[in-house]
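Please read the structure below before turning to the comments.
Chain nomenclature is as follows: A, B, C and D, assigned in order of appearance, with residue numbering initiated at 1 for each chain independently.
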Amino acid sequence: MTVRAGILGATGAVGQRLIQLLDPHPDFEIAALTASGDSAGKQYRDAAKWRINMQIPDDVAEMTVGETSPDAVPDDLDIIFSSLPSSVGAAVEPEFCEEGYVVSSNSSNARTDPDVPLTVPEVNADHIDLIEVQRDERGWDGALVKNPNCSTITMVPPLAALDEAFGLERVTVSTLQAVSGAGYSGVTSMEIIDNAIPHIGGEEEKMETESRKLLGTFDGAEVSWHDARVDASCNRIPTLDGHLENVWTDLAESATAAEAEAAMEEYPSLDLPSSPDQLIHVFDDPSRPQPRLDRDRENGMAIATGGLQETEGGLQFNCLAHNTMRGAAGASILNGELLLENGYL
Amino acid sequence: MTVRAGILGATGAVGQRLIQLLDPHPDFEIAALTASGDSAGKQYRDAAKWRINMQIPDDVAEMTVGETSPDAVPDDLDIIFSSLPSSVGAAVEPEFCEEGYVVSSNSSNARTDPDVPLTVPEVNADHIDLIEVQRDERGWDGALVKNPNCSTITMVPPLAALDEAFGLERVTVSTLQAVSGAGYSGVTSMEIIDNAIPHIGGEEEKMETESRKLLGTFDGAEVSWHDARVDASCNRIPTLDGHLENVWTDLAESATAAEAEAAMEEYPSLDLPSSPDQLIHVFDDPSRPQPRLDRDRENGMAIATGGLQETEGGLQFNCLAHNTMRGAAGASILNGELLLENGYL
Amino acid sequence: MTVRAGILGATGAVGQRLIQLLDPHPDFEIAALTASGDSAGKQYRDAAKWRINMQIPDDVAEMTVGETSPDAVPDDLDIIFSSLPSSVGAAVEPEFCEEGYVVSSNSSNARTDPDVPLTVPEVNADHIDLIEVQRDERGWDGALVKNPNCSTITMVPPLAALDEAFGLERVTVSTLQAVSGAGYSGVTSMEIIDNAIPHIGGEEEKMETESRKLLGTFDGAEVSWHDARVDASCNRIPTLDGHLENVWTDLAESATAAEAEAAMEEYPSLDLPSSPDQLIHVFDDPSRPQPRLDRDRENGMAIATGGLQETEGGLQFNCLAHNTMRGAAGASILNGELLLENGYL
Amino acid sequence: MTVRAGILGATGAVGQRLIQLLDPHPDFEIAALTASGDSAGKQYRDAAKWRINMQIPDDVAEMTVGETSPDAVPDDLDIIFSSLPSSVGAAVEPEFCEEGYVVSSNSSNARTDPDVPLTVPEVNADHIDLIEVQRDERGWDGALVKNPNCSTITMVPPLAALDEAFGLERVTVSTLQAVSGAGYSGVTSMEIIDNAIPHIGGEEEKMETESRKLLGTFDGAEVSWHDARVDASCNRIPTLDGHLENVWTDLAESATAAEAEAAMEEYPSLDLPSSPDQLIHVFDDPSRPQPRLDRDRENGMAIATGGLQETEGGLQFNCLAHNTMRGAAGASILNGELLLENGYL
């Protein structure tokens, strides 16, 4: 049985990655594409400024882009992947859910709403059942599920591994983020060549809140956020893809670097089609992971860590993930696979 | 009275900056240049691969480069600026000091030796008199003075301002460092284009030790290091000049962002020729400072900070300095000016 | 006598360079700034996203930005520098000229109009008197003078030197252009990092036509374009400032590389305030000129050439100029200085 | 039957690409790796600074690197791929050939020797039989076959297509070359960030001579070089992989852009395992091909062209190829496949 999928915001940087990942997907089939007003009505080939170093799949290239509205997509879509600007997402996603569509969204709106599951399947798959609460409260036939921000996803799996093994008390994180995280026109070349920008609007707060919700516990009724303190500082650097992060943790129990490495490497992945074989790859070489060399591991879906060092009361490490694959398009698709496995599609 | 200056390691990236800054200097005059064996005997124009976007000063271009040995430089040099690889510096600098030369060195060897002054004049000028202890112990007529690592200099002035006003207890710092910090051939283009490297050998330790020595107190006999805990993580990014750093501090007394800003802006500069008018420039715009836009402030000798935010028990901020100006060549020259003012030349 | 100057399009990349060059100018004084609707009414500090690594001059920062209309600027402006998008320039510049303003424009509209002087003062200062023809034909009290495209300016002085000495018959040119030539948001970072773009809309045609008009002769009534064949290919590369060009020429008379070098080095500059001391700097080192190292020569107003080689029937060379200084803002100001010297202000 | 292959210079940038391409190869098997003295004796994993964004194949990682000498490799190698610095290649390759090894070399030595086949299989496969002449003259049991320089390979297929259809008389070419073409440490980051270098030592001459040999005719005894005039200018830009070139041609017969496009698209590929399905991909979009977007077409083995325009007496176009795949490692492997098909292995 093939799951028919629509993509909202299909022409953007994440939309293009959704197409790249869904085109060869074993279970999902691209059945509808939408974009903003200017693009609607055009063939995808003409509507999108395609920036990925593969060619647009032929059948997708010839699809007609529709408007981003429940009326403009086929009724028989089984799932909708949304990668809209957050203001648009906030306005439009609930309309789709009301009409009965199940939406797996990468947009940043509603991520911390109490009745919206925010999931990274390998970390908190059980939160998906928050959908029952959501449907009760909102009266929807559809559902809205979110994946977190790309910079949050990068650090959460290794933090989850440490939390489970040693108890997480405090996190301080500095990010070196790629330009693709801001979308196709988000960072101009004059801003970033021979430069770095020590601020990404709203990003620090996202890391501080979303990580605590993801690491929280769901009791069937609500998610209790993790009470670790999280301080983040977010930087943009002249790199195309791949967010690199320096992380310091204070831990409840002492951990050697070797114990931490074991906890990370043994942290389980899932059997979902897009899950990596090994979720967290740990490097012994302290100069790794590096964005250009390591972002594409396991089709861009692995997390890589390195530089593990014991500190007073905790542990320091670096981590990396492909921000538009693991951190965005792949994250939404993984959530879609989780929804399918749990009978929500 | 003009002070006659020699430059050890004059062809390197920092050596070139020493020439750029000394050529128009009011008190110092370039009187000798040395480099490694291959370059010795050549005119500077031919020996150096000049990489600065101004032309080599004519008189310097025509100077003959000598070997890096006390025998090969004029006897009447009043000061020697050293920018040698640390292994060479460790071997050669003491030879110069024994021969009576006063050496202001940017090389990383000996920085944490108990009897070697490590100074940033605006922060700990009084440490310079450790020279007396050094001369007693080593029997030198000359003297060896060090400036810290470029990444350390960048954060120490704002940390000193906070320490004086609120008491510094803990520092966590993540750096985004420019390629020029590794010297002319230190980072290949294939390593760094579309990439970042989360490790710089030895750099974390330098930041953790040198900062505590700089912020320490000198009682006339020895320097007691500051007891703040310092954790550093150092990254190389595709930027030419200017180190940007994210800093988190735990403070003994609570400080608002406004109080911290005042403490930084009012932290005094000196009247030395190369001191900036204002030592620390504080930005309200959280997206500043940025390397390309802000590294050249006050001839590359100012420190810029921004993004000041209160945290639980402390304060978070970003800081920036030009790594080969304020962080290396300018730092050595400032130390030379301090030596001159204090009668050591 | 200070000349009161207005700047149309003052917030853009070239507008910022106009401010940088006019602020310390001996003859011109910034008396008015305009920008598009969104910026009008704001202080310049708030209206402009300043990208130059110096601070906005204090007095300019506090000026109020006006609308780009003859009604919205002071009556007593002596000259107007225009750096508008060409479609806006085409609509608005004639309105200013009709109202009696003398406009020195960098916008690409009208450059090849028969009655519009297109000048690079060191090359074809005599074309400025085409203003008389223009005033006759258009009935203007004001006047419209243009400088050419940045990529054209870069090659025209060395071509003029060769033409004068050896007779120019054919030009083939390939450009490597910096991102600032496209304006602040013209090239996104995702387009250009680890990439190059072999096409710049309209640029090839500008080089092919404007160069022939500049090298043409003015007989007091009209400009006869030079009849050399010019073929251009224009590329964008990941460089901030400075256009580098490979040029092949077929010449009427044979020229050795040494003779060509002499012709270039001896090609006269002018005594205008912004003219470089030497117009064309010739490098013997074939790896120069390079954008980062050589774009700032003589305050960004010199042309640098190198790699001169004899070919069958001609000569090959490379040339470089700072595209927003010599190639845009500085070019407009030089034209303003020429207008002043010739009594048009 | 598996062909046992050795790789000379296996740790370099091209050596790594050889491993990437040979590891999954249907006919060849990596049986020996050599490198310079420092690396000999180490496991490949430790000897190479691996820079490709895939992991080293496990079996290769564990191979021991040998010295680059006929004595140090197994006797039963069927083919040797050489990617040595040219001075080393000139000394060592003949030693292997004398010992009976067949060497497919990417090194630049000996490429224009009259009895050395220089081949791009899709263009001049018949030249391979120059081996017979070589064996006669040199008394070798082995053989030495060369592929051309990366910048030459990029333009030769489209030039061959035009030559066959319309007769090639003159070529002018300007290159924008990626840093990987200079090897792992060939271009430092300080040289190339925010910069371009208008000179690559020896490269212009290689393009001018090798292209004429490749397009020449082999009569069974000697290769008569094509008599087209070729002028080249070579530039290095801040791009990782992929050489982009602007080409102007004078043609014997007039050609429309459409006819030229047809000639290129219909130019035949071969059935060798590494040949692309279509050799030359022609873009209608004048802003393509671009290095980052188009270098990986057909596993990096296709040539992409675009911007076809008629000129007076000829045609202008742009072309692109992956310099370390199609332009180096892939080129040597294709030659190896040609040798196999022609019974030389």
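To be clear about the criterion, a contact is a pair of C-beta atoms (placed from the backbone, for glycine too) under 8 Å apart; a residue touches a chain by one contact, two chains touch by 3 or more.
Keep in mind it's a predicted model, so treat the numbers as computed, not measured.
Among the pairs A-C and B-C, the greater number of C-beta contacts is found at A-C. Set against the C-alpha centre of subunit A, every other chain centre is closer than that of C. Averaged C-alpha coordinates put the centre of subunit B at 41 Å from the centre of subunit C. The mean-CA centres of subunit A and subunit C are about 47 angstrom from one another, to the nearest whole unit.
Chain contacts: subunit A has residues 51, 193-194, 238-240, 292-293 touching two or more partner chains. Taken in their complex, subunit D has these residues touching subunit C: 172, 174, 176, 193-199, 229, 231, 233, 235, 237-240, 244, 246, 248, 286-293, 306-307, 311-312, 316, 318.
Interface residues of subunit B, counted against subunit C in their complex, comprise 51-55, 193-194, 240, 292-297. Contact residues on subunit B toward subunit D in their complex (touch as defined above): 13, 51, 179-180, 184-194, 238-240.
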